[in-house]
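Here the structure comes first, spelled out in structure tokens, and everything after it is commentary.
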């Protein structure tokens, strides 16, 4: 289907209706293969119907595959997730699944993980510019009085997003307005950007502000920032568990005091690095679950900001927790319905509307397992050994031929 | 192959030799399916030979699939990458491939992107504890004199990693030592953790330090921190290009002044958020390339820290750049040889030894394209419109049935 | 008055009623002089009546002196400060007064500075601990319902502080509660800590929380943090001015474009340093005014967090602004009534009740002058020359004999 | 001496030779008094010879006074400070001196404080701009080869500063160069800015870089940043002590476990605030000592960044430490020789050349005392009570009449 002109051009071929039917995808892939002198048989062996990719990707040439493992059982006592779960993890990092699994088994044997969602918002932060500081101040003062209008404008663009509140941050003669939305079970960024844009345009139309940019970056979508610690990029979710000293010793080979000692030393390291928040490796678990479950994986940049805590209880046991202030998850929209994602979400009982808070609680509990396992490995000195056993710690052997 | 006991247990079945042959993987998957009452046909349709998954995952049940698109042409003038590339992007975020593509075409039409690697190190940061501050100080003072011994110890564990230097950070009676390695074309974290552990054990054996934890968190592997801005988690790579005003207007619909205005406003937003670094959406491009190319995707948490810059030149054109201080990439080891990853790396001419710096330069140039496209969309006010055209801005419609 | 036992002890002598009368202060100073073999004639030449020091210091031995300079005129168009001011600056850094003065004159010639207070709060952030995450969540959920009780308890301890709102930040099984107060013209920290403590004790007495620590550090009193950017440590105040290009050139020797270029380059430097906020040298001006005017000088650590902005206007002029989110100032309480402080506050028309917002606006306008002068010195390359002329750039000559 | 024209002008009167003689200072003060309708008798009662103010201030009108208290004994076992000290503290915050004093006495009774200087550098960070990324890379690569020339140029401007090393930070087509100097006993900022400027001019003259700005802000002079944690703004100094549980209980009323609990809760608060470093109130002690001893008080903004640590020892005692990575202190130059400053430095045995490291160790030990006292007050719940006893917690009563 690629014509002469397309072969001679350096542009990726364009097709009718953007080219999502199977034949078009094959043609595009062949163009790539011939142009670059490669073959892409595994990319071609795509189980996702190409037509269903519309809205999720452009210029499709097939799909990638990544190994999927399963870890569990993980007992969760949440407000939304109540039961025992097996968590799908897509990764290529050896030892990761095993590490999360041992934490999950330990937590389950300890009676399970308590999890709660504290806040559920997504935020867009346009910046409005004025001619002078006094005008910026008037705008800030007047904004509360326009809230109902802003809400009406914003919600006119969406059947699901609800404008919950707005707050402002002045900077010179500019003002950043945080539009905070409830987005139900969607990640919702596209939804609320559209809604915020309409509200912002209304402010301009009313003569309340001369101009704006729809993004200021303050909302911290897909980036790390201190702002995320106050929530706003999805669910603020916390998971915690009490682990008897005997179980901790049996599963991860350390005492509560040893694990608190790891916490101490690594808090020092995080402070020295001027890190945002403190945790062992949220990014590992989040990435593996996000890839498996069709989440927007780039949101790991914001979702991985959080705080892990370990304390010895008066009884000599361990209380462990994870706090995820800005966990961005969805069970509808984005990639959630696509191919393997839908299967993985179903496996968790989290497919479709009404399940995003449940998914958030399961993820938080999973990360708690990973934190305990990692801290145990550091405290017991077995981290390297574990990676020797399960990992691919021989890059020379792994080089493609 | 799952026996009675395994069916009645809540533990994921264990198999001989950890269970990587196709039959074992199938059995494990069936256990999951029956236990949870789901079917996983697409997870099952796995093109990666299950035996090859050993070292990359545990408890495998199949693979996930994610749509793969192609963006280009992208002309790069690097020290390692010299030519025109088409970049594989795995994502489910509609409009992302199109957005990067238009940036790439514009950059190519503008004469291409200059890219350079400034630093190439990976770091492990164990923390050593002493009884008192004066002992910590003596340790710090003595360390330079032991460098050759530390190097010998560290390098005894690896054929590829080279200990380049060590530096120290005191904290009370503790001392963090940054062991900085050159890891050639591997991500190298497992390699250098093992090497640093041996060096640390040598220090203890010599009586120079009483004890240590192999991780302090300071190295910022898979997390965001200010420390990353000084490099140390892979390549410090910079890419820049001059874009004539006319091309900028044609491709992204803004003037250089407008795009610098976006930079101004979003710098303010990043400062307000207390963000680490400043950029539009590195995480998007990085995630898409990392998933496609078998990188450790969780490294996006560190790799996405960086600084984008836009300046109007005296001639009225735009100079645009991205600075990625801690870009973690590999062309051997990890998931790089696995299934679709190897195909995607070959497509870039980056498979195997000797290609990691090249991959780093291509990635930096790709991100530059994404930054320009994003900033253009903000400056021209067309961001929402673009996502309406290409995205799936209708989460209700996308819910699984 | 120092008896034998006191002479032989290493403890600083204790006196009846804590020792604030002139004779006691003299005795204490003599004890120091004899114990250490020094003479302190200038410390002794103290103009502040020693009795009036009670409540401001313990173990007084006299007073220190620091040179006081005057800078102005500074025209301010604030909501509280309207007029032309001369600002007292106590410093030993040569060139500082001259630098602020030239900025002030330029701003006044340009028509003056617009200043506004956007927010006026002080905050105390106790941390409450619970046995498990679900209890923490219940506490957070219930708190809004107790606001009136909390307010009644808190305000029972003070005639001036008003509890404006509370917000919460969960961390594992702990919850930080930000008690936000209006403190009128006082710095108010002692006042609101007492008030927050009573409210916190009420929560414990009601069985709503088992225990708390009155400080979590989150409020960022006298430290730098990202949290400060959202306000809460005093006044959020912004000052801005338009400076015609000709005036800018005449007074600081640069064009608007040059000064924006300095802004660009130094923003890059701040991002690289992972600084909190962005500014040239707020700390210089703040410290000099705080020392002169009896402010709590340690609050410079929080008050110096802020954002300076420079933009070229469409007409080719400069718009310059400073944003101080957490400017801690007082016109009553603390050291404000003491000796030279009262004189300096009167000089600004800011002594006593009702004047704290006015003082805040004058300070913001002063800092704007300093930022412009500093940026001009960098842009014109004359920074070193200015310090050569006015400074003491010869430490060898300055050594005491 | 103020003539008619000066009376009618709004400019602060100018005098011959900048106006430092007593009569000129008096005239200038009278101009202020008449212009503003105030009297400044205490400002006038200035014990510092006005002529000696030259180089430390411009437009002098007298001096300010601040109460000075004394705290001790403080036993220090440093590499430079060895003995028992009484520390002068200038403040108006009631309870501060008492709080530091009780910490000092406890530390002395516990056997004293061990203190060490780990690093001693000051840094200036000019930013060089190039036309494109490849030129920036060449500059970075070539710089090590020019080190001896840079050193010769830099050191030609100063008899005291020594250029120790340079390192680089790329950002797009710009490069920040950190020039790191040893400045002996001077704060040295003016000295090294001049030196760095000459080195930078040499680079431009050699054609190695087209242009530069002398400041990028990265050096973090007088501001808070993550960069400071790696040192560079003066001394990196650490102080620590072991405090037997019985002494801790006697002096600050808490057990080691309670104080570690405070550490835990306040670390959480600092992480939540995205604070730079972690400490209780370094700014309080630093400010009081800096004002007393003629330091550049604005440097508190950088010097107050650091990390406090508390640990329970195996024997059940407390090990406490403070780490100050960027403590900016001087014993020559600046305000150190001026009036009361020289007296206070002599009182510490720190006046003049050769004493800056000693002063740094005494300051670190003092801050340790303050941290212990503060943490004890939080842990024992007596913080408010202490401020009731010693402070001026009644702003209404303190209002000037």
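We just call them A, B, C and D in the order they show up, numbering each chain from 1.
We adopt the following convention: a residue touches a chain if its C-beta (ideal position, glycine included) is under 8 Å from a C-beta of that chain, and two chains touch if they have at least 3 such contacts.
Every value quoted in this text rests on a predicted model; they were computed, and no experiment measured them.
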Residue-number overlap at the chain B/chain C interface, same or different (half cut): same
Winner on C-beta contact pairs when A-C is weighed against A-B: A-B
Whole-Å separation of chain centres (CA-atom averages), chain A against chain C: 39
Intercentroid distance (Cα basis), chain B paired with chain A, Å: 15
Multi-chain contact sites of chain B, meaning residues that touch two or more partners: 169, 171-172, 174, 225-227, 229, 267-268, 270-274, 276-278, 307, 309
Of chain D, residues touching chain B in the complex: 77, 79, 114-116, 118, 132-134, 136-137, 140, 169-174, 225-227, 229-230, 236, 238-240, 242, 274, 307, 309, 319, 321-323
Chain D - residues contacting chain A, complex: 225-226, 229, 264, 267-268, 270-274, 276-278, 307, 309, 311
